[in-house]
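One chain, subunit A, appears in both complexes that follow, with subunit B as partner in the first and subunit C in the second.
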Partner chain A sequence: MTALKTASLAALMTAALAGTALAADTVKIGYQLPLTGETAQYGQDFRKAAEIALAEFNAAGKPFKAEIVFEDSRSDAKEGTNIARKFVDDKEIVGVLGDFTSGVSMASAQVYKDAGMPQLSQTASHPDYTKISKYQFRNIATQAQEGPYNAKWMLSKGYKNIAVIAEQTDWGQSVVSGFTDGVKANGGTVVFSEFFNRGLKDYRSLISKLERAKPDAIYTGFFYEDGAQFLRQVQQLGIKTPVYSTSAAYSPKLIELAGEAAEGVHLTSNFLPTDPAPHIQHFVTEWKAASNGAVPGQFPAQAYDAVRIMLAAVEKAYPNPTREKVRDALAQTKDFAGVTGKTSFSADREAEKELVKVEVKGGAFVPVAD
Partner chain B sequence: MIDPYYLQQLAIGLSLGMTYALMAIGFTLIFGVLNVVNFAHGEVYTLGAFAGLVLISATAPPIFAVIFIALAIGAMAGFSLERIAFKPFRRFTDEASLKSRAMRESTLLSSLAVSIVVREALEIVFGSQMRSVPFEYLINTPVRIGPVILVTGDFIIFGVAAAMLIGLQYLLTRTRIGLSIRAVSNNPLGAKYVGIDTDRTIIMTFVVGSMMGAAAGILTGLYYGAIFPAMGFVPGIKAFVAMVMGGLSSIPGAVICALILGISESMATTFVSSGWSDMVAYGFLILTLIFFPNGLFGARRERV
Partner chain C sequence: MNVSDLSAPRRGQGALIPLLLALLVFVGLPAVLAGFDRGYFYQIANLALIFILLSASMHLVTGVAGLLHLGHAAFYGVGAYTAALLSTKFGLGFTVTLPLSGLVAALIAFLVALPTMRLVSIYFAVATLAIGQMLYLVMLNWVEFTKGPNGIIVTKGLELFGFSLSGRLATYYTVATVVALCVLAIGRLSHSYYGNALRSIREDDQCADAMGVSTARLKLEAFTLSAFFAGVAGSLWAHMTGYISPGDFKFSESILILAMVVVGGLGSLPGAVIGALLLILLPEGLRAFGDFRNIMVGLVMFLSILLLPKGLLGEVSALQLARRQLGAAWRNTVKGEGIGWR
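And now, the complex of A and B:
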């Protein structure tokens, strides 16, 4: 078996050396993501984005074909570790993408750490994720970067007393701590800080409680579903306090679900579907074609980039890519021109990204200067 | 003078409790007859909401047509659910199998299976994203009463829940079908012996209970403005808690306990972090189970 593989590989290398573009070899990467369950909408989007990236890669006449094995983790840490073991056992898989949440990504990371499998998550933004081992990478700005950035932004607008709420998850906690540190360092006060359970329907109790602290502005760590409910109920209760949020809420669905209530919300992002740059417009067009004309949000864009970064690393490690070579190639990623801006990995495997300030105006996300 | 803040929290709690009650009524009705939890009730709720949404996006119907289609889909869902998940386990009509715990518990699993299949099917057809409801159909225009702000939906849901409760009491105590539902619920074998068509009665219960579940789904969907395949899960759990607290087969008891749940959640938010407010509700459940094993409003039940 091994001899056969080596033989075919040798034949392939000869073919490559001979300059023929015979694409006989296939390199496999794994993608663990929630395809069912409460966070399925995100996983489905990631798969769609990954398929776009994969089709492009395979159509580009590279020396090998790539294949992605998708596994459904249901955003469940236990399921995530099972998948991780499965991927690790599959000797053909040289790199893994995912998972969606920080919690599941970190649980699976323990398996990848022991097996020496490079893991690149498009969304896990908990500060501790990349600290697990040299095999963990992420393609998202962490709350340790975004929190202080947003804190400075809000303080510069003259909001000194700020209320913070976030979902009760690893990620939500990093939102609150990252932001609170930023506010304190720059002379503001956090007058209220609380967590809520993801998927909460009724925020009115929480909003009433929050308003008792009389904040100048509200900073929120939520995703679009929770965000839309929150914003709607803020409007219902007749509250005019400005709301700021993180890039996690940046999705066209936020505006679709919240309608007028989303007007005036400020947030940061690193993907603007309205950006005229050709590679961004290309992705937006492909996405629209695959999803009935819907505009992609930030998360699918990050997944698209993550897949392309991984494929580029595999290509760099080619021929005969191993997990170790792919890891090293990932670590060398520099100024990768993706749809979410230029991405480089720092020495501690954090994606360094530029953030854009955005406000909801007239039913659309509009970039603002301050 | 009470702080208006607490009045507002009380109002929010009541309105929250009402949405749970809406779900708990149909849930308890079905439990009362078969003595078994119908895990698919949450999916009937979701189906009702999707039926309404599909109609809204296809044509621009008046609101009562939306409710009507939800009720119709609910009735159909209840009928098919009984056929698929419950009837096959009633093949044997001897006394031993009618009283058999294993028989009842297998419907627990079959209804759970149906609920999973329906939810995943909805995800395949509609996607798992939250779908928005056109704004003109939403029932959440703010209404200010003194220091308290509520929305129109709160009053509609209150009205519907009250109508359901009163209508159901009328049905159960004054009509033939109601009498047979109560007879079957009391003693299925006895009911059979005196000539009641138990199969038909059980089907009717499912149809009525599921119509209420579907109506709850579309109303809550219009109230919160978001409809998605997993929407039935949390209300299902809350309705279950309300039912257990209320004494399993007491519908008014379930409604009162749903309101207690809602109020304790909103009030608890004042004193503990919102993330912990569910704990208060479940704490109540545990206390009830320890000190009132028959529920707050349950009569002493025969052990089956």
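And now, the complex of A and C:
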């Protein structure tokens, strides 16, 4: 037992010492993300996007070089807090990105709160995440913002009775509450709302239950894997009720997996790979080169922006960036022109984002005016 | 095992290993941790201790009583949720929530175990799987009560009658003390007449029944006691991390704890401790290997089961160790021959 402990301590020490042998003009940031486990597909995309952003930053002739330390959290709160302690211990790390899920982000945030380490999550959507302390930021629109926006959109289309389903996660909870509030405030009715567990294979009973409430339209809170399953089964059951969704479902993989069943789905996004703006096309080209021609979805774009926002904050805090200075620089982020639109942090460290309306037409996401 | 193999403990020797272990846990390790002064090492030490408790508590029911338990993490979760809810809703501190977490977990285990205690082998395993999933789904879906997937932020840290114990070293000592006391209790339970009775159920429950051992009652007790200790571990986790959500207590955690017990050695308490240390420290130690670390952990587990099917420290050697070195409860005849546990 002792030998085992000593051995692992020694291994950890070696890893730590290797980290300190860096040149003085290198600034380190940490990135905790699920590189393995059930949500690895998202973490792997984040790392790819972060590496693109990092390579660009380091090639741009800035006064210092940046380095990102990636650590695999497996979307597990135990591992997330371990990583958080590890990052806090590393005096050279001035800011942290991640984690993917709100659960792990919030468990880690308890560590960052006490240590005074700025933390920027590209996806954490829990309403209380940014309330933990002044060190928690996110650059994704919350459902408190997106829900009412989508509610107004659907009501303007004449859908008064709307059914809502969402995955049983903190994010799904916020999808339903944000949207329901928006519908009520604008004179519509939510006729049905239910949660399903992530990774559910059979949605048919949920769909028939939902149809019994005779909704004019269905609003859904799911990611692309669940979304594709759901849409295929809606099609199989011959149901023609229009389906609306959130920006979380915005991924080319949704269309890839659902095929024809995705036709006519409406959703919002703050990232459009078809947008001709040069900085967006630049990211899309880089992403395609790194992933066999695949088009990036919303989440890699979020990660790409998160890394660039963090690096911009570090640059502002340079020379001698400290965690406190980086935090203050992050808080001052205003109209940061990213690929997911302009990002400004409000006083409570939430991103204010512009949303774009999109419809699936002919196997592609097409922006629509209304 | 031949009883005459077990030589009598000599007085001085009997206390040596427990003393060394206590010195290691309460002096040596804290000194090393304080020397490095890195929050990461403290965190891992605390996490390893919590999983030692979980693994040791599962050892009682799966290792000693031989009941395959697939829902242990749920009782860990019940403990954590009890602590979190009591401290957020009623403002109770760690001193109060710690025992209550254990008691609530034990109570729930007692209630759900009542109808399942006549089940044997695989049927019992499936029943515990169902119990684990039920409890997990309650944590996940009873949103009004448990806050569901939103989880709970626990603002109260570790404390003792109002004195904050949230410093690094204080946290370590608190966790270590609680875990050491619990493991000591589990040790006394498994190295005693009581433990032998549980072992008799594992070896042949019909025979044990015929010999007058109340198998259903003993199973119920072992199951309930093990849930109590898991609940205590849950309380430690809730107050230590400050945020819990149902994801921390899902089925894969039960399997992780089961793996600790099996890799360490079924029926062996030191084995359960070693198993927990291995499966917590190894994945952290292998971080430098990036995406390959899970494969390496899997490989180590596979090889250890392949080469040491009885575990890293099997039951026979563990019992010999317990009788020779921790011989406090082992009674000898005047001639110095061992006759059994007190």
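Note that in this section the second predicted complex is superposed on the first by the 346 of 370 C-alpha atoms of A that agree within 3 Å, B and C clash if a C-alpha of one lies under 4 Å from a C-alpha of the other, contacts with A are read in each partner's own complex, and residues count from 1 in each chain.
To be clear about the criterion, a residue touches a chain if its C-beta (ideal position, glycine included) is under 8 Å from a C-beta of that chain, and two chains touch if they have at least 3 such contacts.
Please read all numbers here as calculations on a predicted model, not as lab measurements.
With both structures placed on the common chain, the touch criterion links A:Gln281 to neither subunit B nor subunit C. Residue contacts after overlaying the shared chain place A:Asn161 against neither subunit B nor subunit C.
Applying the stated contact rule after C-alpha superposition, one finds that A:Gly103 touches subunit C and leaves subunit B untouched. Which of subunit B and subunit C touches more residues of subunit A is settled by the count: it is C. Looking at the shared chain after the overlay, A:Ser177 reaches neither subunit B nor subunit C. By the document's definition of touching, of the two partners only subunit C reaches A:Asp128; subunit B does not.
Once the two complexes are laid over each other on the shared chain, residue contacts for A:Thr241 go to neither subunit B nor subunit C.
By the document's definition of touching, of the two partners only subunit B reaches A:Arg232; subunit C does not. By the touch criterion stated above, A:Asn58 is placed in contact with neither subunit B nor subunit C. On subunit A, the surface touched by subunit B in one complex and the surface touched by subunit C in the other have residues 36, 168, 195, 197 in common. Residue ranges of subunit A in contact with subunit B, taken from their complex: 36-38, 40-41, 44, 165, 168, 194-197, 199-202, 204-206, 208-209, 212, 224-225, 228-229, 232, 236-238, 253, 256-257, 259-260.
If you check the complex, the residues on subunit B that touch subunit A are 5, 8-9, 12-13, 15-16, 19, 120, 123, 127-130, 132, 135, 140, 142, 144, 149, 151, 224-226, 228, 230, 233-234, 265-266, 269-270, 273-275, 277-278. Residue ranges of subunit C in contact with subunit A, taken from their complex: 24, 29, 32, 36, 38-44, 47, 140-141, 143, 148-151, 153, 241-245, 247-248, 273-274, 277-278, 281-288, 290-291, 293-294. Chain contact summary for the complex, subunit A toward subunit C: residues 1-2, 4-5, 7-9, 11-13, 15-16, 35-36, 71-72, 75-79, 81-82, 85-86, 88-89, 101, 103, 106-107, 109-111, 115, 126-128, 132, 168-173, 195, 197.
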